[in-house]
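Labels run A, B and C following the written order; every chain starts at residue 1.
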Amino acid sequence: MSSAVILKVENLKKYFPIRAGVFRKVIAWVKAVDGVSFEVLGGESLGIVGESGCGKSTLGMTILRLYEPTEGKIFFNGQEISGLPFARLRPIRKDMQMIFQDPFSSLNPRMSIGAIIEEGMAVHGMYSPRERSSKVQEILERVGLSGNYARRYPHEFSGGQRQRIGIARAIALCPRLIIADEAVSSLDVSIRSQILNLMSELKEEYNLTYLFISHDLAVVKQICDRVLVMYLGKIVEIAGKKDLFSRPLHPYTVALVSAVPVPDPDYKVDRIILKGDVPSPINPPSGCRFHPRCPVVQDICREVEPSLREIQEGRWVACHFPGSLGLKRTKEVGVEC
Amino acid sequence: MKRETRRLLKKFFSNFSACLGFVLLVFFFIVAVGAPYIAPPKSARDPYMMPIVTWSSNPLPPSPEHPFGVAGKRDIFYGVVWGTRTAFRIGIIVTVVSTLIGLAVGSIAGYFGKLVDEILMRITDIFMAIPFLVAAIVLATILGAGLDKVIIALIVFSWMYSARLVRGNILQVKEEQFVMAARALGVSDFMIILRHVLPNSIFPVLIQASMRMGSLVITAAALSFLGIGAPQGYADWGALLNYARNWMMGSQGEALRYWYMTVFPGVAMVLFVLAWNLVGDALRDVFDPRLRM
Amino acid sequence: MLQKNLLEVRDLRVYFYSDEKRELKAVDGVSFSVGKGETLALVGESGCGKSVTSMAILRLVDSKGKITGGEVIFDGQNLLLLPESRMREIRGKDIAMIFQEPASALNPVYTIGEQILEAIMLHQKLSPSRAKEVALEMLRLVGIPEPEKRLNEYPHELSGGMKQRAMIAMALSCRPQLLIADEPTTSLDVTIQAQILELIRELQKKLGMALILITHDLGIVADMAERVVVMYAGKVVEEGNRFEIFKNPFHPYTVGLLRSIPRLDVERKKLDTIPGVVPEPSSFPVGCRFRGRCNFETGECVQEPPRTSLSNTHAVYCHHWEKVRDSNAEVLKECRAQ
């Protein structure tokens, strides 16, 4: 595993304007991603978790420059890509690919599977046309589909098969980084495990780095090495997956981990039921953004925003009182028997 | 794709009204193509000019010689047959050109958004705010009489409808993840519009175009009826109705005396519009993505 | 035991008819029962017929489908034989339902209050002022803050979790004996899901109603259900109490499902998978419907698998359940040895 930093994000912000009136004046900003910094090492898979509206998908899109960042810098392979004009961005796009959530809307219904997978290779002038079509066959077979599916159309396939096609499209370019946005969320349980295993295998084979965005903690735990937790546009905790799931430090992470139902009737956990809903990212709370829902809130949390600091090697938390809320459960994380 | 095409065809022809529309269209097409055989021109002059068959300006009822009667000194049958060609010509040219303009304007506005969209859509709004018939009359008057002038006037005032539709569809398709996926692959904007956005938003436009084909012919006829369309004696359904203008009320105690002057060109027009609408309707059903699979 | 059952579904069949007039057996001979105050989970993947089954209990199968056989005995009467007018009284009053998408289940042009009042007035003869009191009480019961204010708000002014609470308030306003919850938390975030599940559990205790929970999430099942019915391709494959299903599953599908999910509480290097895809109703295999994806398959499986009763509550529909049991024991032994 190479441990060079492949992706570095510095104070990244993405605000969306809300316009109103005849002159479409900006009346407010949705602060979807609000000052996020982290690094991804080559060969690792970093999970980004959080609930809807926390900005995790926007973060992925902004890193790929599918959205223009409002502020902040993105470095890929040491090169700053945040200010790069699109023409110079194109060769870099080959190295950063995306797998989308919805296997039904992420494939153009009027293009054959072969054309869909080939398109990226053609854009980047990879291989000759003949080589490309044999490459398509090869990749289709690699993701567990038959090579002669190339002539078929997306609507002939099931959700799981379409997601395999989406993965084939991404790996066809031999990228270094793949951003997977809720890549298995819409799949059935028995299909989900197939896709997760496929993604793990491909990671080894192609030496990929994953940025795995998901709301499902169990899935993230299965596929990732490190996990980054977001809440209302900010990072609240970054940790190795073992640490994060056995001893979460930020109260929000604790609540999140405790809320996940576990398929074992013997498993009991002191479930921390958070009160209320996630506040609006248009007008986030003062101080710590989690303070209105935090079970261990103190006065300082309402006024002073905690910064993301490294409190142990590799463990970053943005909380004034990390670890003050503990996770109590009957069974510790262990090996299955 | 063959299987797909066959499936769509099967679906199209399993619908009665679609078949009726299609049969009507085929019939009109045969009439238009076979016009020189169905109603052979009398002289070597322009066959589109209806020959003068009588010197009296009174209309004559249908007779073996003039099966649809005579109006404005000219044979109605000849006019209806050759008028089919005119109807097709106006319909197709106007629809194709205005749809192409609409496609270009709509896709640029929809895909690029922001200021470009704002400007193009405001221009579209302005064109839509002008009362169509009045504007077409003014324009046709400025340009002068003639079929080509009518066609230009119709194009100028009908491209906005497809532009709006295209833009709306593109805004919708643009949000689909496969467009994002193509951008992530590094595909250029132009190719994204051409390969990903347009193929997925064009069918509603084609369907609308086929529906508009019918109504355009009515509008063109209205212009001819007002005397700004085709030149005197040109084979055109609207022009035939124009001849009927003074006779429409019939004569004392016999309101329907000159029925043939309006009925024959009128029926042709109604059937023509109906045919396009039926076909358009059926196409919409066939291509409705919600009904697929 | 039999006497106490609130709902008994026997050999229920719901067939759908495609455009080509093909018969699609979406639900094919499903039987189960729910006791008073009990929580039963119907589990399965998309297309297994769990939602269709629940709609068929209320006789709300859409126009392309038809209930072609079976009995739905609720409170001693067969719902499938009742006149439509009587059925309308039962819907909402005795059996209520909540859906996956609270956003689309609420009508956007009416306020929350109007919709709850409609549900109340439909089945109870109350004065308007009394009905409003009941509505407020319900909103308070489901934990909606400032209920007086919410009564006059429209669905779009509420968050997803609040909408689901409002839906529950509506469903429970007539104190039904049975609540059918079809994926009630699938569209919600984890922390909101925890809130709603807690609320349903509480209300169930308070009101003493039975619950049929339809879900694909085995975590929720282990958390909420007393008994579990596992469905696959329109048929029940295994049923039992939750310990039997989670600790001693005997159907290859149940086993495969449990082994293929990533879990928070245990470490799994590689997930087990069930090969192949979930079949479409048009291509369900003959005999055992899990054929083609099953490791235990033999020639025998073209025959309809018999129901084997293993305990009062536990039953499995598989020719080879004994082999599955032995293989489970082996896996456990191997795992312990490591």
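What to note about this one:
In the analysis below, a contact is a pair of C-beta atoms (placed from the backbone, for glycine too) under 8 Å apart; a residue touches a chain by one contact, two chains touch by 3 or more.
Values in this document were obtained by computation on a predicted structure and should not be read as measured data.
Chain centres here are means of the Cα atoms, and by that rule the chain farthest away from chain B is C.
The two chains most heavily joined by C-beta contacts are A-C. For this pair, chain A with chain B, the centres built from the Cα atoms lie 51 Å apart.
Our note on geometry: chain A versus chain C, Cα centroid distance of 31 Å, whole angstroms.
Centre-to-centre separation of chain B and chain C, using mean CA positions: 55 Å. Interface residues of chain A, counted against chain B in their complex, comprise 61, 64, 66, 89-91, 93-94, 96-98, 100-102, 105-111, 119-120, 123-124, 153, 155, 166, 169, 173. Within the complex, the chain C residues that touch chain A are 45-46, 145, 159, 161-162, 189-195, 197-198, 216-223, 242-243, 246-247, 256-258, 260-268, 270-275, 277-278, 332, 335-336, 338.
The residues of chain B lying in touch with chain A in their complex are 1, 4, 176-178, 180-188, 191, 195-196, 199-200, 289, 292-293. Interface residues of chain A, counted against chain C in their complex, comprise 51-52, 158, 160-161, 188-194, 196-197, 200, 215-219, 221-223, 245, 255-265, 267, 271, 273-274, 276-278, 329, 331, 333-337.
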